[in-house]
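Chain lettering (A, B, C and D) follows the sequence in which the chains are written, and residue indices restart at 1 in each chain.
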């Protein structure tokens, strides 16, 4: 993970792309890539979507879109000085408190 | 990173949330969280957005939203059997070929 | 529709919000509202989602989110000098050429 | 506006696309199109974004993306039985109450 962050940073710096990589722009780029990911799933039934990785072409596209989303997310976190995994773990701990196992079991009340 | 994937999976399984965690639903939830992240930046000038982490309250909100995005992204990748970091590195290699340093320098042609 | 565009414009101008209503910011706000709309549907089964308007509370939330999306979309179009309905009709004509009825029938190839 | 709704509905029905046009799928498609719209703005400075319609090629792309967003938004509203303009006006009235002119003037507190 740290390796990825550094690779993405080096990629941007070698191309002098830092001026474009502002938090606003990266957040927009992240949303754009998530939009492309949604497009892979939008017309599939839930069943088709669950089997998507078994289709070599569609599976490769989904994998590529997920890769793009991860690139921009790690770049945005890097630019903001946020540790991605740590931020996720902190939120997961909060969610564990907010959705205690016994009450949350099988309920979609929130997620 | 593997630790996060496992923690998120355990979190979902303990609550019997697997039926909700289909690829379509997780992609929607990911997009929803990215929308909340965008909302943190939308009315800021580029300069204000670049200093957002210096503001304790706004900074905490941005960090929390980034954490949420990362949780759903790692969960979606896990459900699809995709290695998040590997998928990002593969795309980064492709991007390096598509945007050679010398031609891409300082140009926003694509990104 | 023209009435809406004018009402939204007056709303923004009365509050001196024009400086915030740049195309970039409005596009982000639009995406943020679409994220909130997605959140209303993300954990529902396709069947539950199709019946969502029959639930007074969820239906009211969906209606409100759709309203928010429409407000930002019409404001963005206004700021860019684009006629929303005309832009949609132009694209619909193009789509009719690209997806002739006979070939497109029942196929999700594109949409 | 009503004409657009009917034209989009006829377009979908002629192609037997109703089974694909569920609320969940249409919300995803809407988000996907908004992602493409964001992509048009993401690397532009605020000034470049404000002049985007003066560039024939970029302007045509933005207009087309806005048209796509409007198509899916009106289709989603139609499928849910929501009047798009009415839903927006209702929300605008609520916003007028929540952000009284005198307090909201020039402040980005919320929007």
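Everything that follows uses one rule, which is that a contact is a pair of C-beta atoms (placed from the backbone, for glycine too) under 8 Å apart; a residue touches a chain by one contact, two chains touch by 3 or more.
Quantities reported herein were computed from a predicted structural model and do not represent experimental measurements.
Peer 1: By the contact definition above, name the pair with the higher C-beta contact count: A-D or B-D.
Peer 2: Answer by contact count: A-D.
Peer 1: At the subunit C/subunit D interface, shared numbers over all numbers used: above half (same) or below half (different)?
Peer 2: Counting which numbers both chains contribute, over half are shared, so the two copies meet through the same residues.
Peer 1: State, to the nearest whole Å, the distance from the C-alpha centre of subunit B to the C-alpha centre of subunit D.
Peer 2: 24
Peer 1: For subunit C and subunit D, let me know how many angstrom lie between their CA-based centres, rounded off.
Peer 2: Centre separation, subunit C to subunit D: 3 Å.
Peer 1: Among the residues of subunit A, which are close enough to touch at least two other chains?
Peer 2: 20, 24, 27-29, 31, 34-35, 38, 41-44, 46, 108, 111
Peer 1: Which residues of subunit B touch subunit A in their complex?
Peer 2: Those in contact with subunit A are residues 1, 3-4, 7-8, 11, 14-17, 19-20, 22-24, 27-31, 34-35, 37-38, 41, 44, 46, 49-50, 52-53, 62-64, 66-71, 73-74, 76-77, 80-82, 84-85, 87-92, 95-96, 99, 101, 104-108, 111.
Peer 1: Which residues, counting only subunit A, touch subunit C once they are in their complex?
Peer 2: Residues 24, 27-28, 31, 42-46, 108, 111 of subunit A touch subunit C in their complex.
Peer 1: Considering the complex alone, what residue numbers of subunit A touch subunit D?
Peer 2: Residues of subunit A touching subunit D: 20, 25, 28-29, 31-36, 38-39, 41-43.
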